[in-house]
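First, the structure itself, so that you have it in front of you.
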Amino acid sequence: MVGIARELQRKGENVLVTRLDPEKAREVCAALPELKYIELSRTGTIEQAPIPALGTRPVALVSAGTGDLPVAEECAETMRMLGVGIERIYDVGVSGIHRLLDKRELFERTSVVIVVAGMEGALPSVIGGIVAGPVIAVPTSVGYGVSFGGLTALAGMLSSCATGVVVCNIDNGFGAGFAAARILRARERY
Amino acid sequence: MVGIARELQRKGENVLVTRLDPEKAREVCAALPELKYIELSRTGTIEQAPIPALGTRPVALVSAGTGDLPVAEECAETMRMLGVGIERIYDVGVSGIHRLLDKRELFERTSVVIVVAGMEGALPSVIGGIVAGPVIAVPTSVGYGVSFGGLTALAGMLSSCATGVVVCNIDNGFGAGFAAARILRARERY
Amino acid sequence: MVGIARELQRKGENVLVTRLDPEKAREVCAALPELKYIELSRTGTIEQAPIPALGTRPVALVSAGTGDLPVAEECAETMRMLGVGIERIYDVGVSGIHRLLDKRELFERTSVVIVVAGMEGALPSVIGGIVAGPVIAVPTSVGYGVSFGGLTALAGMLSSCATGVVVCNIDNGFGAGFAAARILRARERY
Amino acid sequence: MVGIARELQRKGENVLVTRLDPEKAREVCAALPELKYIELSRTGTIEQAPIPALGTRPVALVSAGTGDLPVAEECAETMRMLGVGIERIYDVGVSGIHRLLDKRELFERTSVVIVVAGMEGALPSVIGGIVAGPVIAVPTSVGYGVSFGGLTALAGMLSSCATGVVVCNIDNGFGAGFAAARILRARERY
Amino acid sequence: MVGIARELQRKGENVLVTRLDPEKAREVCAALPELKYIELSRTGTIEQAPIPALGTRPVALVSAGTGDLPVAEECAETMRMLGVGIERIYDVGVSGIHRLLDKRELFERTSVVIVVAGMEGALPSVIGGIVAGPVIAVPTSVGYGVSFGGLTALAGMLSSCATGVVVCNIDNGFGAGFAAARILRARERY
Amino acid sequence: MVGIARELQRKGENVLVTRLDPEKAREVCAALPELKYIELSRTGTIEQAPIPALGTRPVALVSAGTGDLPVAEECAETMRMLGVGIERIYDVGVSGIHRLLDKRELFERTSVVIVVAGMEGALPSVIGGIVAGPVIAVPTSVGYGVSFGGLTALAGMLSSCATGVVVCNIDNGFGAGFAAARILRARERY
Amino acid sequence: MVGIARELQRKGENVLVTRLDPEKAREVCAALPELKYIELSRTGTIEQAPIPALGTRPVALVSAGTGDLPVAEECAETMRMLGVGIERIYDVGVSGIHRLLDKRELFERTSVVIVVAGMEGALPSVIGGIVAGPVIAVPTSVGYGVSFGGLTALAGMLSSCATGVVVCNIDNGFGAGFAAARILRARERY
Amino acid sequence: MVGIARELQRKGENVLVTRLDPEKAREVCAALPELKYIELSRTGTIEQAPIPALGTRPVALVSAGTGDLPVAEECAETMRMLGVGIERIYDVGVSGIHRLLDKRELFERTSVVIVVAGMEGALPSVIGGIVAGPVIAVPTSVGYGVSFGGLTALAGMLSSCATGVVVCNIDNGFGAGFAAARILRARERY
């Protein structure tokens, strides 16, 4: 990994490393002192080339509980490195539905909504009913017992009664950020 | 089954038969012409003894889609035969959250809330956040693919971010109605 | 269902019914003679209002085997009713990789790529590596044994080594078409 | 977590922290010396406001083996903080059925019965046949092999031949205590 | 199958055919008119050789619900053909524990106890605590939802808190009867 | 545990503790110096009362690989404490079928055969075809990948083509030994 | 399918159709009268071009029970159409180990061994220990309960204690025959 | 293990130990200083007897990501010790399809292709469509979320749309190498 990162660095490209736990990060940072490590998102970045902005409106990044923040922030770092603007809407869960509904206009100002949620993963169903644009759901492994390490949230999101919600792998904040970039990239071309 | 029903009938007791599909119902009704069959709820009843009212306030019976109605109505018939009053709140799903929130005061007038939902089973999480009294969730086998015949709704309800929601087996409207009667029965004794 | 369709019809709106098997279709068509039924896609439509075009470029609709066609065509009918242009690329599987690679320029002329595949569901991984825009994967229940009714394709698509591929429920051609419309709709607004 | 607890503390409210293992507890107690930690229940509490009694009769808290005690005691601490009276009936398993039957009158003096059990989770089926009031079953992750970390007990409780037993997530003593409080709370209002 | 049965018949041996549904039975009986078919147990037998008695005490054959009778009777027919005496104890479930406890002395007069149960499969746990001799548990596919076609009963029986209970495959009354015969056969030799 | 053991010790009874890993054993032995710990079987015993012999012939204890020895020896210690004689037949696997067949006469001199096997768990099928008496199969968690921690061996043993083989929970050497004692105990009474 | 078959026929190529149940076969044969249908193997063939022999030694095709014959014969028809010689060794199961061992020299005269087995799928483990050449295992969906439609046999074969056994999908006789042809084909080239 | 290795060593045979993690390796090497340990493949070998070459052409050993290398190298060490020549084709994934297609002629010079892949396991499907000889697929536990520790890759490979691909257990590089040797061994005999 250090080898790949160094080669990218030598070519003058930016580097994004994900799923880097604190222990491994310490080793990697010793070898690559330029790497900026964030513990919450478990990401490391080297930013040496300018990042052109992708799209004119931000992506809404929604999450329910504090346990979902590592995945949400991995997604945020991914989007930041791809030039995507971010509007964070954190701590809005379905069991406190009014905190979510109060943010309604905010959604209208964004191009894509990414929803990060664990446990029963009900949040994308509610948001998919409010928002007309693309909704990307990311299940997290937050929960215990029959949360099955994120499988219940994943299956709930795929079974969502809100039509046209699309889903990523469990804890895959990186993939969701990249998918948003795919949407914004296409928009620019046409 | 006909034998058991006939014995109850002979003793002057009321009879409730559940999970009776139309075909079997025809045979049973031929042998037991007093049995009143309802196709939607797949229940048959013989009501010959008076049913004393259980509790002073009705139980709210909530369901999301039309596919959930057979289970909701099995629950309703069970409660009717046990003397429980019913307030039906049908066709309120999480992807149309305002239809649900409009019913909010209605919940306050009820003693127990039973929520019948399939697919991702998100409804009890939202209702559990609105209602202070007991909430009984019933997953249904409505859905396809990763709905897994109701397992996703079941696991979602057990993993609910709304605290203190309790859950019944898949499609078990009978059990949920009986559980509500257990709650109301205890209330009467003390 | 007939009731809901009739109400939409009375309001002058278009109607799309999905997951309508031939037997049920016959009954529904008897009650709703205006309904145009397509057996392959198992869809019924009433088209009485004009459908404004959504987006300027078509969506690529890719499928591998003939068994995947019902899901692909459900997706196509959904998109047609939402005003989305369609470029069908059928019968391109990963075990005959050159047939797929020959279509490469075609992908560049489309706004979104929807990939419908059963069995091991490997097609989105290959296409995700070729295409820069949004890729929506739809697993189908085609296969036997450890295809697990589409679960293997679903899990394979969610685990895809191609970054930023998003996924729908098994056999959910309707959801994939709707998700593409969500993307195109957002594009129009900004 | 410390932040949230401190804010509650500052507002003069009581605090209940669950799922706090000994190691984390040591750190938290260093920052929040007022927190009273119990290792068996893995709970920490700050009790500074008076707790009004909820209901006039206690809740029966039943468990089978010593391995189930942590979950039972989490439930007990939750109820204590919510003002619910508790009657502990521990060490009564189905393979020693007479120890259980000897406690029969005790059940009659309680308002709700919570049954905490692992392995095959058969206890709620027996108790549901003895008790007329509400029965809340809590599966625990006690067992090995095909106990599947509590799934067998959970599925057994949901499939119980005793009618109207309701179920919580695996090891969710907190949820069961809260559900009992929901029942008692409703009882007070009417 | 008819071929194998005929060959056994020609050799003067007894024949036992299991898992024979009524439709297939009609065809087989047309070809083998000597076959005595029992619909409840779905077994067919030709008894032309004397069956020596195996053991001096009967095997207790216990079942809980009427749905379990086909499996229990398959077991009974198997034991009858192997010369094993049978003491039927039917309709004793854990949710009506006293009906079971009333049969207690009966168990003492038998050599082996076979317990046939579906749903949560709790019966062997209670019986294993009462009986000192061998207990063979047979899960049945009776139940719905999370009964998982007998898997919950199977896993519950394998996880039983009663020590030394052994288990057969789901609905395998034949295997349980044969296992009892293995035990009695060994007893005779030594 | 120490408390229960001490009470048994005080009453003059023998003590058997199972599933005692080396670390916990050190602590327990410090508190209970009379406990004799065996690391391979992870058992601790206090033998102060005489153990009457159960049955006149030994139980055959068969295992395939060295990885299965801890479970086999847990079974052996259980039987030793119950007075059951043991004939160990170790290191006989189905992929070296002749080593197994060479032991054939040995089986004939035993009353019960216990087969401990992991991976695909094929051994009981072969032995069930050779031996006429009771065969108890114990799956072990030996293996990796689709061995699923013993589930494949368990399911294979329950599906065995050899009739009348009965099965215990994964790694449950204790249960298998106790089941053998149940068989021998019954034999003594009649 | 008829279309594809006709095109192959027109080009003078041979045709092999698999997984053709009797009902569908009747329709297909009406349209394609040259198709030779075999009900046991559920295959249809048109043989108009000569089939060159592949390899000089036959492939051993082993199966255990009569229920496995359809899959074994699908494999046989596949190999026949690919020019592979076949040595059938049927009705040899692990619970009658001597019938299998009697065939030992037969294996030595074959180039590849294909083993078709359901239930616990133990046969390839025994054969893999006897044979030095390639062993291809095919699990079948024969069995009930925890045979899980062939999954137990599949997992058992993949977990086999016999080294270097390779496995195909459940009921995939076609794939196994094709895999044998791949081996023989390579052998010819070098 | 050390005992077995020493005995082989004393007999002058070669030794191959697999699944040896660094910690255990240190202990083993202390006792067996002749053992050559490789950390990447987690294998230890003692090579004291000459290894005759098996086959005239090498086996192609293909892998996609760096995470798959430990399994690929376990396979390589196994083949080296069995005398099989190896042609490594590493770092060719389906999402960069051209890197794979560029290696096409290389495949033609090999006798068997072993494909090691994790995540969605799509690589064998593409290679099976390019190569006419035997293809052995090895799923790895690389991935997260619904990769299910290699189960998704395993199921994908068994469901492959490329005909005649055979599969080994998850992470079973040893078994795949041994299977290749079985194929080459047979080739030599005939």
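Labels for the chains are A, B, C, D, E, F, G and H, by order of writing; each one numbers its residues from 1.
One rule holds for everything that comes next: contacts are C-beta pairs under 8 Å (C-beta built on N, C-alpha and C of every residue); 3 or more make two chains touch, one makes a residue touch a chain.
Just so you know, these numbers come straight off a predicted model, no measurement behind them.
Student: Hey, what chains does chain B share as contacts with chain D?
Tutor: Touching chain B and chain D alike, sorted by label: A, E.
Student: Could you run down the chains that neighbour chain C and chain F together?
Tutor: Expected: G, H.
Student: In terms of CA centroid distance, which chain is the most far removed from chain D?
Tutor: The most remote chain is G.
Student: Counting C-beta pairs in contact, does E-G beat G-H or the other way around?
Tutor: Of E-G and G-H, it is G-H that has more C-beta pairs in contact.
Student: Same residues or different residues where chain A meets chain H? The copies count as same if more than half of the interface numbers are shared.
Tutor: different
Student: Based on the averaged CA atom positions, which chain is farthest from chain H?
Tutor: Result for max centroid distance from chain H is chain B.
Student: Which whole number of Å gives the spacing of the CA centres of chain B and chain H?
Tutor: About 56 Å, centre to centre.
Student: I'd like the Å distance between the centres of chain F and chain G, where a centre is the mean of that chain's Cα atoms.
Tutor: 39
Student: Once you find the CA centre of chain B and the CA centre of chain G, what distance in Å lies between them?
Tutor: Centre separation, chain B to chain G: 51 Å.
Student: Send over the residues of chain G in touch with two or more other chains.
Tutor: Residues 145-147, 151, 154, 158-159, 163, 169 of chain G each touch two or more of the other chains.
Student: Throw together a list of every chain pair that touches.
Tutor: A-B, A-C, A-D, A-H, B-C, B-D, B-E, C-G, C-H, D-E, D-F, E-F, E-G, F-G, F-H, G-H
Student: Quick one: in the complex, what on chain H touches chain G?
Tutor: On the chain H side, the touching residues are 55-57, 111-112, 132-136, 154, 158-159, 163-169, 174-175, 177-179, 181-183, 185-187, 189-190.
Student: Enumerate the contact residues on chain B facing chain C in the complex.
Tutor: 144-147
Student: Any idea which chain C residues touch chain H in the complex?
Tutor: 64-65, 93-97, 101, 119-122, 125-126, 128-130, 143, 145-148, 151-163
Student: Enumerate the contact residues on chain D facing chain A in the complex.
Tutor: Contacts found on chain D: 19, 141, 150-151, 154, 169-172.
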